[in-house]
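Below are structures written as structure tokens.
Okay, so chain A shows up in both of these, paired with chain B first and chain C after.
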Partner chain A sequence: MLGVAAAAVLALPLAAPVYHVLLMLPFMAYAVILLGLNLLFGYTGLVSFGHALFMGIGAYTGAVLTTHFGVRSLELILLTAAALGALVAAPVGALCVRYVKIYFSMLTLAFGMLFYTFLLKFYRLTGGDEGIRVLRPSLLGFDLEALAKIDYLAGPYYYYSLGVLALAALVMWRIVHSAFGLCLRSIRDNPAKAEALGISIARYRWYAFVISAVYAAAGGALLGPPTGNVDPTLAYWTHSGNIVFMTLLGGFASFFGPVLGAFVFIFLQDTVMSVVPYWRLVFGALLAFLVIFAPGGLMGLFAGRRPGEVSRV
Partner chain B sequence: MILRAEGVRMFYGDFCALDGVSLAVNAGEFVSIIGPNGAGKSTLINVLTGALRPSAGTIRFKERDISGIGPVRLARLGMARSFQLVQIFPDLTVLETLQVAVVSRLNRGSRLFGGLSRDREVQEGALAIAELFGLAGKAHTPSKHLPQGDKKLLDVASAFGLYPEIILLDEPTSGVSTRDKHAIMEILVSASRQLGIKSIIQVEHDMDIVFGYSDRIIALHQGRVLAGGTPDEIKANEEVVNTVVGRRTVTPDGGG
Partner chain C sequence: MAANLVNILMGGVFHAAILFLVAAGLQVVFGVQRIFNLACGSFYALGAYVGVSAVQAFTAAGGPPALFILPLALAGLLVGVVGVVVERGLLSFVYDRDETFQLLLTFALVLMLEDVVRLTWGTAPYSTSALYLTYGQVNLLGATVPVYNLIVIGASLAIALGIGWLLARTAFGRIIRAAADNREMAEALGVDMRWVYAKVFTLGTALGTLGGALVIPATAAMSEMGIELIVEAFAVVVIGGLGSMRGAFVGALVVGVFRAVAIAVYPELEMLMIYLIVIAVLVLRPRGLFGRVAV
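Our next item is the complex of A and B:
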């Protein structure tokens, strides 16, 4: 199954229309973000409504570095975005993980709103509501300015994003299958029991929060170059809501569920928008349907069962 | 002397739950705490395990003050507990549950990338506990699908997986059929012997279990120690029989 998907994604730029190849770019960026978000959501049992904060940090890192600092290397942009994501997530997470359930979600939402306002008001650095341009990054040291934009995005940038996604998935796979990953699941299932077994819940929740922020920032940095522009809507709370929606759509109980969710979301949104202008109406109905009839998401439908986690989130 | 409480008093507002409790547990002892509902047993367990800081008095574990230190540091120091209401990780399998304990004991929870399935020490440690408690056949069953008796057993087994020096069991056989109670106790006692656990303290309502397994019994009544002694001494103590033992036959279960 995974092999077929990998082969399809590798061959896509050769066979599919450019339009669909370009739609894959935000999908791959979101897939990275969602792998991180689900460490917090599916594996630790904490729902963040503030991860637009970290996507915004990542996206703006790419914009500021390319336009203000003349840094064009995407490797450097990704590493800086990840480092800044971790730097901001460390204190924010330390505070947020002291709370659980709705209080955790609301606190992350609050920090997200703070950052959104910062982006809007600090005009000189952030460009205010118009945002800033993202200049074309170089990939692995190759300056690709000579290529037409479409060829750059549908060729080298596509495979670069795919490489980042593959690496991110591999690292996350190892994290969730490590001793640390097991500790997170024990905390999700029963915090009091985990503590009685000597597991420090605040510490592990904090680790998970910082790791998920690093993923969100790195994925956020990948969102910028395809559009060539970043603006504060990237950091707006509805963007946080979108990634939670993607996670629910794909199914948070499975490792690849959120990745599938991102894929379906991006392509469904595109399809619906081309038919009716009210895509939010359709997606709202879809979300309601999911929560009531398929809380396990698409992966849950494939597996033919309702995950037991649902009632707890 | 491994655990010692001195002059422990605990107030909830005006209500005095513990009124000057002193007790000591030696290495190698199996001690049962008994008492009617409201005697202060649960409060005492929570104070002894550092979950609650007493209003007055001291708790010393291996000569170290553990008042209110919380569960994580307590587990590190070598004291484990199980709960009156069974506590499991619903979506973890039996083996995974025991692995949590072994990972905690070996302090490997911060290993972010090492594959757990290739960590032989954790795998074998968890399997050894599963075998000791007769749960090896259900190693890959999700905990939520276990029958009630096995859930109880798993709760206790995971606490044993910490290899504590002392273990506090809050009603280890509550909610379990009479037939299973003795089986659980037999497993518990033999497992603690094999793992080198020095002392067991239990809160228990079933007097058959209390008299059958304890080296020493401490009877609690209205927040005070009413009497302490061997099972025979307690059986001969009319005051204890009237206030604690006799009453149990009328109300066979409930919280303490």
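Our next item is the complex of A and C:
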């Protein structure tokens, strides 16, 4: 199953229309973000409504580095984005993980909106509501300015994003299947017992928070180059809501669920918007349906789990 | 100087009066049903648009402009019945689920209602601004304040007192408080919780839609007004304390006046200050100024 998917994704730029190849770019960026988000949501049981903050940090890192500092190397951009994401997530996470459930969601939302207002109001630094341009990054030291934009995105950039996604998935797979991942799940399922067994709940939640922020920042940095522009809506609270939606759509109880969710979300949104501009109406109804009848998402439908088993995070 | 100050303060209090209505709706629903309703901003937007349409229909039918506030307020209240539909049709399915799913369901409502508004009224701003100064303006310490603002502030105060009376003195208020304290016990004593939830959610929705309708003469209805207001209402309830009516009142005043002062003094800081206060409150005193819910 996974092998078939991998082969299809590898061969896609050779066979599929360019339009669909370009749609894969935001999918891969969101897939990286969601792998991180699900460490927090699915594995630790904390729902962040403020991860747009870290996507915004990643995307703006790429924009500021390429336009203001002349840094074009995407490796450098990704590393800086990840480092900045961790740097911001460390204090923010330390405050947020003291709370759970609705209070955690609200505090993350407040931090996200704080950053959004900052992006919007300090226009000298951030370009205000118009945002900043993202210049074309070089990949692995190759300057690809000579290529036409479409060829750059559907070729080298596509495979680069795929490589980042594969690496991110591999690392995350190791994380959730390690003793550390097991600790997170035990905290989610029974915090009192986990603590009695000697697991420091706050510290593990904080680790999970910082790791998920690093993923969100790295994925955010991948979102910029395809559109060539970043703006504050990346950091708006509804964007945080959308990525939680993607996670639920694919299924937060499974490792690849969120990746599937990002894929279906991006392509379904494109299909709906080609028919009617009111994608929110359709997607809102879809989300309501998922919450009520299929909280396990698409993966949950495949696995045939009953809603009751997954609905208590 | 004094005139300027009064101007800023009165603007802030007017905004606070509207914010209080929406936040009160949020609070009553959270207090009883334990659902943080992200869609309260969408109800506010819905009330605004229906309010504009009602006033336009009223003036088109030859109604005297001086009475425009009647169809406006009536429309704002009546559109609150969507609350019953939403509660019975959607929320009633997820009461036994984790609150994450309840939160996401209200997010689904946010998405749907935003497009319902776009679909029905289009994307261009809608306003009845010609009627804003129908009641004239008064001079307060050298500042000119529209009488309409004073009417709304008065109405909001009256509603605050009315809710206080409803909760403290009526049989329904006692049931609401009992349900908020201990749902199982209230049910065991013979309270039909389905009805209580339907009524409470409709009350919360109507407060939001009324707030939206009343703000309209002073501004224009826009499709994004809902998702923008929810973050302010969110700030209000966090500062005041989740589930507390007194908290909604004080929180609305804090946010409304603070925002007005910040806009006048240093516009860059406007909402930034509000979020900093929210974060400070959440970190230092997570139950807010008046909350009693332990975290």
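The rule is simple: the second predicted complex is superposed on the first by the 307 of 313 C-alpha atoms of A that agree within 3 Å, B and C clash if a C-alpha of one lies under 4 Å from a C-alpha of the other, contacts with A are read in each partner's own complex, and residues count from 1 in each chain.
Heads up, the rule we're going with is that a residue touches a chain if its C-beta (ideal position, glycine included) is under 8 Å from a C-beta of that chain, and two chains touch if they have at least 3 such contacts.
Computed from a predicted structure; not experimentally measured.
On the superposed chain A, the two partners chain B and chain C both fit, without a clash. Applying the stated contact rule after C-alpha superposition, one finds that A:Y103 touches chain C and leaves chain B untouched.
Contacts of A:E75 after superposition: neither chain B nor chain C is touched. Between chain B and chain C, the partner in contact with more residues of chain A is C. In the superposition on chain A, contact of A:L287 is made with chain C only, not with chain B.
In the superposed model, A:S186 makes contact with chain B only, not with chain C.
Using the contact criterion defined above for the overlaid structures, shared-chain residue A:R174 touches chain B, although it does not reach chain C.
In the superposition on chain A, A:F118 makes contact with chain C only, not with chain B. After superposing the two complexes on chain A, the angle subtended at the C-alpha centre of chain A by the centres of chain B and chain C comes to 80 degrees, rounded to the nearest 10. The least CA distance from chain B to chain C in the superposed model is 15 Å. Within the complex formed with chain A, the residues of chain B that make contact are 70-72, 74-76, 80-83, 87-92, 96-97, 99-101, 103-105, 108-117, 119, 122, 144, 155, 158-159, 161-162. Remark: chain A residues 47, 49, 95, 99, 101-103, 105-107, 109-111, 113-114, 117-118, 121-122, 237-238, 241, 244-245, 248, 278-281, 283-288, 291-292, 295, 311-313 touch chain C in the complex. Of all the residues in chain C, the ones that touch chain A in their complex are 36, 38, 90, 93-94, 97-101, 103-105, 107-116, 118-119, 227, 231, 234-235, 238, 267-272, 275-276, 278-279, 282-283, 286, 295.
By the touch rule above, chain A contacts chain B in their complex via residues 171, 174-175, 177-183, 185-186, 188-190, 192-200, 204, 207, 211, 308-309.
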